[in-house]
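This report concerns only the one structure given below.
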Amino acid sequence: MPKKTKIETALIESLKKKFNTTIKEEYVKPNRIKFSTTSDNFRNLAQAVKELGFDQVISQGGTDYPDNNEFRVEYHIICVSIKKFRSIIFSLMTTIPKDKPEIETLIDIWPSAEFHEQETFENFGITFINHPRMEKLLLPEDWDDIPPLRKDFHLPGRG
Amino acid sequence: MNYKLISGILGAFVVGLRNVFKRRMTLKYPEEHLEIESGYTYDAKTETGSPGFKGRHILYTDKCTGCSLCAIACENIADCIDMVKVEGSWPTNPKNIMPQIDYGRCVFCGFCVDACPFDCLFMTPEYELSATDKRKLVHTPFQLAVFPEKKGNVKLIPDDRGAYHD
Amino acid sequence: MIETFEEFVKRILALLFWFILLSPLIIFPILFLLVPIFGIDVTTVNEILTASIDPIKALKLVEELGLGPSSTFFKVVAFPGFTFAALVATITILYERKLIAKTQLRVGPLYAGRFEGFLQPIADLFKLLGKELIVPEKADKAFFWAAPILSLALGASLLAVIPLSPTIYIARSDFSLLIPFAIIGFSPLVVLIAAWASSNKFAFIGGLRALHQLAAYEIPMLISILGVVVLTGSFDLMEIVEAQKNMWFIIPQFLGAIIFYITILSELERVPFDLPEAETEIVSGWLTEYTGMHFGLLQLGVYIKFYVLALLFTLLFLGGWNGPAFLPPVVWLLTKLFFVISLIIFPRAVLPRLRLDQLIRIGWAWLIALSFINLFIAVIESSLGVI
Amino acid sequence: MPNSVMNVVDQGGDRLVLHVGPQHPGSGHFRIIVTVDGDYIVDAKPDPGYVHRGAEKMAEYRDYIQNIPHLERPVIIDASGVTLPYVLAAEKIIGVEPPVRAEYIRMIMAELNRIISHLYWLAIYGIFLGHSTMFMWPMGDRELFIDLAESIGGTRVTFSYIVPGGVRNDIPINFKERALKTFDYFEKRIKEYEKIFFNNPLMAARTEGIGVLKKDDAIRLGITGSNLRASGVDSDTRKDEPYCMYKKVDFDIPTRQEGDSYARCVVRLRELQQSMNIIKQVFDLIEPGPVKQVLGGVMRGEPGEAFVRTEAARGTMFYHIVSDGDKIPYRVKISVPSFRNLIGMSHLLIGSRLADMPAIYWSLDYWPVEADR
């Protein structure tokens, strides 16, 4: 594992102190910090990261793992207002079961996640509870197939 | 404030008027052709290409082995290379197959050139490939083997007083 | 297959050639056989036919019918009436395209005609004629058709009282300055009719913008020319031009000239005041639904208006046809007109579009105040006897 | 005229619902549903997705090389800017390091593309304000930079030039002289641009104080790129988290405090100059050497993931690539700046005038194809 800088160590420690074992440090690469947690605890973790000063969602997406029958939901958070944190990207990850793809929205914490969550909804069928506009954004309004970024959706002619 | 308004508008007028008398940078296309020096080539040993225009391909039929690596490279990009049977006997090419390129689909990325390990598929500066018939866009191996004629006669020159073609 | 404009012209000429060749062989014998049946003398027919190839005879024939160069009909239809105005308008369109292109480092029309695309207006005309006239299904058909005709009629009626020289005019009136402005006030209504009849939201917004624009420029426009009237004491354009023998009114009435110039830009919906047809905001404004020759007629009307307003500027402020005697007066007038037209065209190349509220603020807060100041200047000047 | 009355005025009383786009001179492949009350916009709902091609899904079917021509399609006017983060991420997955010279050439290419993209933006912004000369001039001058990029990359817009392991070919021999000549010419042109457009009082009247994006709002809404810098935040990935060799060059981040449309315009104009400044410095720093690492055969990623961000022309471009050890990526998540800036559009449009819509819309440099992917 590469060496952590002082800033990174401080961030990780502060989060670990708050959540003890409920969050798992996936890895730390240069300028990259990744934490995972359960979907119930996810909102608290997000709140804590926001309080550290990380104020923009640069990306939000999902990944389908059909073998485990689960979706990974991932938020990539950057900080704009505090200069020393600008080089760091926080990645927060949680898994949700494929049978009940629901998770609480984080747009009240980060309004910038709004369209990203909408996109994840239409591409994976993950419902974000309390999101004001859970409707199609990029896909055609009359799309009636399964959400396209799931692994069991195949492009025509590509098996 | 009024001084700024008037001087701003007058300044815009003056700059506009000054440009009326500059040399045009328009390329009068069908009469003039932009000169392009060379096409894109690739050295398989160093895995490095040479800078050049990515235009129509040139196929060295005497070197082609029919390995279909170009077609495989193109498979998920544009899917425009088909290996077709060719007439005649080719010592290097026992299967007698060579690439045929559909320019209706080609995106001119040049990854087929990178894929060729025998230095027999390169690109030329030929860019006038339009046809009135969709079928004419499919170039057979023998069409690809012909060198294009050089048409370029002008160059784009940036000057202190303006850019122009000459 | 006809692919280029030249081939098209060649084809037309070929058809004409065959018509001329065949008509003596087929049409004339039939004519000579049929005419006696209706009791007309064959010699009349003969004379008409000879006149068609002999200009001197034709001229005599036209004079006899009361359509000669000195007749009112000729003045209205040809010179200085509609045809001449339309010709100037066409040249203006070409000149505008070339000038704007030159400013923008382009070449502009180049291929129609051997020299700098000078046949482009004709090519455009054929293009517009060849296009399908699309009338939207839900449009108000009668008004939709009426708007282009009204636009052209409005432009043409402006020509009635404007003189081109002491001898070249259609009609004289003691109020020849007021009549064009009375007619011009009607033009936003044409825009509104076109916009309303199109039954299109963008067209509708464009029409409303045209009405607002009228409110902004109409009053300063009228007041700015009052200065000239004060100086000359007459509403007659002839007398106004005569009064400028020694000094053009642009010197004592500089402010008025500037205001009049700005209001001309506004009246003609030209950049920076082209709000009613602002492409990127409201598609093409009130012109959105018009195609083919409908569009052509609307444009022709606008460009005839352009010609008239440029002419008025020349007559009011640039001394009209006054000039050294080595050139005829009308040539002086046209030279000045060309300059004014360039002046009106050029802002399109260098200025962006303004917003409606800004235009109204300019109109009401600045131009009206300045035009009254200009009027006072005129009163003072006339009492001092400057002219 | 009962017909036309019904059609012109919607059911919403005195409010008019306008569908601006996708077939509208001022929209692009994109629609904004605008509700106007008089001249004021009371509601604006962006409706992207007209050119959605499922780039993320399609990337799961192509190997790391084949993805390059594919992924630059969404942003062909900034083709190097969009493929650079992908290649950096793919390099992390595959585990290769590009040679130093290749890093410099990547910078040249990325900055050239930034100039090309900004000039395109400037041209469209000119015509959106009704200034047709400002449309033609940048489009013409853009051709010079396209020519420069073409002499390196081989095509006019979609270069497919940056690949894992380096770049595909070296720069031409006389490139430096050509580029410096072009820059000298263009520096003079920028002065003319300023005179005819940026210092034009009418242009200032149209854009100053229009679409003001406050600093807090910009951060909160996730605005990125030049739009963020125009709101007074000096955030630029090239400085925050330097990639390639941006550590070694010295350049400014142009910022403005106002956050209005005019500020966004000026920031982009200054960025043009900074880009040229960077390329000039690169010419001094660059040293001869190989431009590509010899890889041999099909690249296979190691299981794992990588996320990389770079500063593309429109803002921070972000790629998240997940690999399961196959030769094709398991998941490619592209987070594009236009998509993130879109959220600012309805925020800015509501309350402004209808005539300001193009001035605000394009000042955000929203590229519909990029947002839809």
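Letters A, B, C and D mark the chains in the order given here, with residues in each chain numbered from 1 onward.
Convention: contacts are C-beta pairs under 8 Å (C-beta built on N, C-alpha and C of every residue); 3 or more make two chains touch, one makes a residue touch a chain.
Note that the structure is predicted; figures quoted are calculated from it, not measured.
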Relative to chain C, chain with the most remote C-alpha centre: A
Of A-D and B-C, pair with higher C-beta contact tally: A-D
In whole angstrom, the CA-centroid distance of chain B from chain C equals 49
Distance between the centres, which are taken as Cα means, of chain B and chain A, whole angstrom: 43
Distance between the CA centroids of chain A and chain C (whole Å) is 65
Cα-centroid distance, chain A relative to chain D, in whole angstrom: 25
Could you pull out the residues of chain A that touch at least 2 other chains? none
Residues of chain B that touch two or more other chains: which are they? 9, 12, 15-16, 19, 25, 162
Mind pulling the chain C residues that touch 2 or more other chains? 103-106, 349-351
Every chain pair meeting the contact rule: A-D, B-C, B-D, C-D
Contacting residues of chain C [partner chain D, same complex]: 100, 103-106, 138-140, 143, 196-202, 204-205, 271-272, 274-275, 278-284, 348-358
The answer for chain D against chain B in the complex is residues 61-63, 65-66, 68-70, 133, 140-141, 143-144, 147, 150-152, 154-155, 158, 160, 165-166, 168-172, 181-182, 184-186, 188, 192, 195-197, 199-202, 204, 290-296
Residues on chain A engaged by chain D in the complex (per definition of touch): 31-32, 55-61, 63-64, 74, 76, 78, 80-81, 86-87, 89, 91, 110-116, 119, 123, 136-140, 148-149, 153, 155, 158
Please give the residue numbers of chain C that touch chain B in the complex, ascending. 99, 102-107, 110, 346, 349-351
Spell out the residues on chain D that touch chain A in their complex, using ranges where they run on. 48-49, 52, 54, 56-58, 61, 219-222, 224, 228, 233, 235, 240-241, 307, 309, 316, 318, 320, 322, 330-331, 333, 335, 339-340, 342-343, 372-373
